[in-house]
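Chain IDs A, B and C follow the sequence of writing; residue 1 opens each chain.
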Amino acid sequence: MGNRSPEGFQDVHVMIFIGFGFLMTFLQRYGFSSVGFNFLIASFALQWATLMQGFFHGMHGGKIHIGVESMINADFCTGAVLISFGAVLGKTSPIQLLVMAMFEVTLFAINEFILLSILGAKDAGGSMTIHTFGAYFGLMVTRVLYRPNLDKSKHRNSSVYHSDLFAMIGTIFLWMYWPSFNSAVTAHGDDQHRTAMNTYYSLAACTMATYGMSALTAHDGKLDMVHIQNAALAGGVAAGTAGEMMLTPYGSMIVGVLAGIISVLGFKFLTPILEEKLKVQDTCGVHNLHGMPGVLGAIVGAVTAAVATTDVYGKGMADVFPDVASGEIGASYQGVRQAISLAVTLGIALLGGLIVGFILKLPVFGAPSDAICYEDSIYWEVPGEEEAHDGQLTAVRTAETEKLNN
Amino acid sequence: MGNRSPEGFQDVHVMIFIGFGFLMTFLQRYGFSSVGFNFLIASFALQWATLMQGFFHGMHGGKIHIGVESMINADFCTGAVLISFGAVLGKTSPIQLLVMAMFEVTLFAINEFILLSILGAKDAGGSMTIHTFGAYFGLMVTRVLYRPNLDKSKHRNSSVYHSDLFAMIGTIFLWMYWPSFNSAVTAHGDDQHRTAMNTYYSLAACTMATYGMSALTAHDGKLDMVHIQNAALAGGVAAGTAGEMMLTPYGSMIVGVLAGIISVLGFKFLTPILEEKLKVQDTCGVHNLHGMPGVLGAIVGAVTAAVATTDVYGKGMADVFPDVASGEIGASYQGVRQAISLAVTLGIALLGGLIVGFILKLPVFGAPSDAICYEDSIYWEVPGEEEAHDGQLTAVRTAETEKLNN
Amino acid sequence: MGNRSPEGFQDVHVMIFIGFGFLMTFLQRYGFSSVGFNFLIASFALQWATLMQGFFHGMHGGKIHIGVESMINADFCTGAVLISFGAVLGKTSPIQLLVMAMFEVTLFAINEFILLSILGAKDAGGSMTIHTFGAYFGLMVTRVLYRPNLDKSKHRNSSVYHSDLFAMIGTIFLWMYWPSFNSAVTAHGDDQHRTAMNTYYSLAACTMATYGMSALTAHDGKLDMVHIQNAALAGGVAAGTAGEMMLTPYGSMIVGVLAGIISVLGFKFLTPILEEKLKVQDTCGVHNLHGMPGVLGAIVGAVTAAVATTDVYGKGMADVFPDVASGEIGASYQGVRQAISLAVTLGIALLGGLIVGFILKLPVFGAPSDAICYEDSIYWEVPGEEEAHDGQLTAVRTAETEKLNN
């Protein structure tokens, strides 16, 4: 614990601030807010998470023990908040986001404590604690904040050419450092290397599947940037629990392919249904990138844990499943622990999101009106006088904004 | 020394080339020069710094000893040059910049030698040697190069939407890797981890303070990208000296909040005064990001050093304050050393900047005329025929440039 | 082997996915394809390379041994494929690229096996195996795919202002992490540090030479972004073989300067000749960045190996030249091995490129027509309705695309 090196932390840090921040810059007029609010709420969440996680499992003699590991864990908790941010992107004020972060961090720490310390589940890369929790919490919040007249801002809920390229910066940094993410708190040596490799193979296979599915589901065989930016990452999400286990490269690739397929299908067919039937307006499609692949990862983790044998793991068993290695429980019971953990995570996320959603509806937090969603200029001094490169277009935008405000 | 790992170096390297380079791309028509001249003068400065720093404190038997540590130190010296570049950005030719870099690197090495080797000061993250030195040197240079008719280029001294997003790439990479920067040459183990953590908490708290102050000082509560891009980093600057010391997370956060507040207030109120009253045209506001926070960091370092006790530091005292640990001097005297070091740094920076400023005024170095500042096309082949994306606007720009040249 | 740390891998990974991906976004209408196809073929190539390289030199008892080192080697092989991609950029369908990657990875593994395992050559940073091989393979492919009527797409074969800035993200990340790249598979400790330092000095000197040559070869002294984006990296290519050897900082800088000079001269004078006389349409100028500097690096490596003495290398000789250290062969014979390796590499690359080029001509792989090269919209859903920032321009583009398709 004390001798963990800072390099893994720096890779995770890049994912949180560059990865999530730029991934959400795909919206044409919401780049400042995407990267800027990501910066704000991440800075807040990691401080608050240090306190909350410290309170639940870092206390030593009445003091919170901090170190590289606590910094990584705080970044992990922040990741869950940023996933939820993706669900409500463009429809919430910074004050709402900070309030959401405050509650979500607290609930994250409670859920993490129940899973890891009470139930004895394993979840090194956070398929459950981070992705499933963050996604379903955010989806429930956006459900409660449902806006029937969001169509008024529909024309801004899309990308432009360069905003998609900025988003690819986020995607690629997330993709590249995911092996570090999933292995950041695993045991040094073989355990960590195995986690990094499983994640790497899952991501590579998922990327291939994503390109294939994106072309197959389009009417003219063209690729959709939304799929590439998001679904190609689902392989990392789905390897979050089992990545540490003996998933094998071949198993990892199967998991990655499955994750890519369900993620693209989700964007194509499920997102419109969620919005129309269930009134869930999921701006970034976090259900497809984090929700379903997170649940898949949890299930893969439970199955992989249940079939673990000392023959396969050798003395590595003590690193991955200490209770099984010590003979305290059988492997199949570890699988049950994992399954219960998924159910607990879903329950806390959905219930928590419900309550926090209603809190965020309080008018005091200043949500933007339906006609002015996905728009930077209500929160930021947006440049763009007539001498600017894109002067005329910005002028049009400003005029439109003013019109909407009246 | 010999066994320092290359990872810390790579993180610092990213800050120098991506961090500083893209931070300065905020100007609408100076992106090529910002990232391109940053690349040029950093490549030059790190080679020259290897020689100069080697001459002053890396000589072993008549030869300069090089290694990972000398590469980190050369990058640190380069950082100071790039800070000064920020003060004169858009108003200097590449030849002027190279001449400035040559003199500044030399003076940096002398100042660093006086502080670390003669005065026995501690400054692991360079609040004094890098930030205070680089800022006040650059401010004095830009004072000497004062242009009364710079208003002729005023319309280009601002950002456009996408240039602000490019700048955020620089900001975020600087922010993320700052813990590695401040801890890059500290002693391995506890010392390094403490430095990284203090920097991290200072930055997180500074970011919160920056957002708060930016909204508070605006007439309509809107956030200003200039503040976010710059002031949010002041917490790293201010933790440059004391980060290595027992600042504690709580102390680091107070330092970060103070740094964020003075930085935003500086941008809002001091920069216009500096320009009007003192004739200091500070393009990037380096006084707010590096100057004042650097001085704050130096003072915090002096105070923290003066109150150091073996009770608190334990055997870590030998790493941080070897002369105090050996009983050679008392802690309060170490504080005096730190304070003298700040004064020496300011003196050398201001005097050096004065002399170098006058050297740069020599007409042979080809400064751009007042009407053509902040403009790439005088140094670069700028793309943009009618088939380009932003064709019409570029055509306008080219026409304007030609008009100005006649 | 088993104890290699994952940090070097992550740096190489960034070069492959961000470095190569964004370097090629310089084209005005091909950014999605540049970064997106780079993502696709790299994800494919690293999986296929794991199998192919494992088959040739990673087999242990009938199983392929994987680990951090195999991940780095797979990324290296992927680098060669991406270099070839640069030669055919904008003129090939994704299916063609995947087919090319499949054959090229196989040939890469064969060539690598011949050089390193049969001939006993040293090539830690891949001047021969990666750069020379990738460049001449790609150049031969593009020669076979020669399009006499490519002028129809000429207006899109250029950059716009922001696309050049995106490309600089790629350039700078490649430049910064090149010391990690060249030293990623060298022996830990002194050997690795020496390689990183030689590469760093070569790159810094190369950058200076590139700026100088770019200004000198322009008719008005202006810098050309194409040179900065590419030629400044030639110093890393040219240090790929000898970087591990006792090249000394001074020697590295000479190599870097030479690489920068020949690269800029290549862009300026050789590329037009290659296209007109030899019918080689080299979109990214890989001959100037990887081809000639790769050959230079191979020659420098052969000469440096031939003059190696135990006096200079000490016990490091066993790490760099094990066969010379064991007395099995003389140093001059190692030099001969290196020279033969260059010849073998050129032979396999050119012959392989010839055959694969003809395979790619099969109409089933769907190459774009001459009038629609360098264009994203035939493979991607490109955003851009009238409410977009650059709406009007995109509308023009779409109209033009449709016209061309009819």
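We adopt the following convention: contacts are C-beta pairs under 8 Å (C-beta built on N, C-alpha and C of every residue); 3 or more make two chains touch, one makes a residue touch a chain.
A quick map from chain label to UniProt name: A, B, C = Ammonium transporter AmtB-like domain-containing protein.
Everything quoted here is computed from the prediction, not taken from an experiment.
Because contacts link each chain to all the remaining chains, their graph is best described as complete. Here the C-alpha atoms of chain B line up with those of chain C after a rotation of 120°, rounded in steps of 5.
Interface residue usage between chain A and chain C, two copies of one sequence, is largely distinct: under half of the residue numbers at the contact are used by both copies.
Chain geometry summary: the mean Cα position of chain A and that of chain C are 34 Å apart. Annotation for chain C: residues 7, 161-162, 169, 389-390 touch two or more other chains. Across the interface of their complex, chain C is touched by residues 5-7, 10, 13-14, 17-18, 21-22, 25, 31-32, 35-36, 39-40, 43-44, 46-47, 50, 66-68, 71, 94, 161-162, 166, 169, 378-385, 387-391, 394 of chain B. Listed in rising order, the residues of chain A touching chain C in the complex are 7, 11, 28-29, 155-156, 158-165, 168-169, 172-173, 175-177, 179-180, 183, 192-193, 196-197, 200-201, 203-205, 207-208, 211, 218, 222-225, 228, 232, 249, 253, 389-390, 393, 397.
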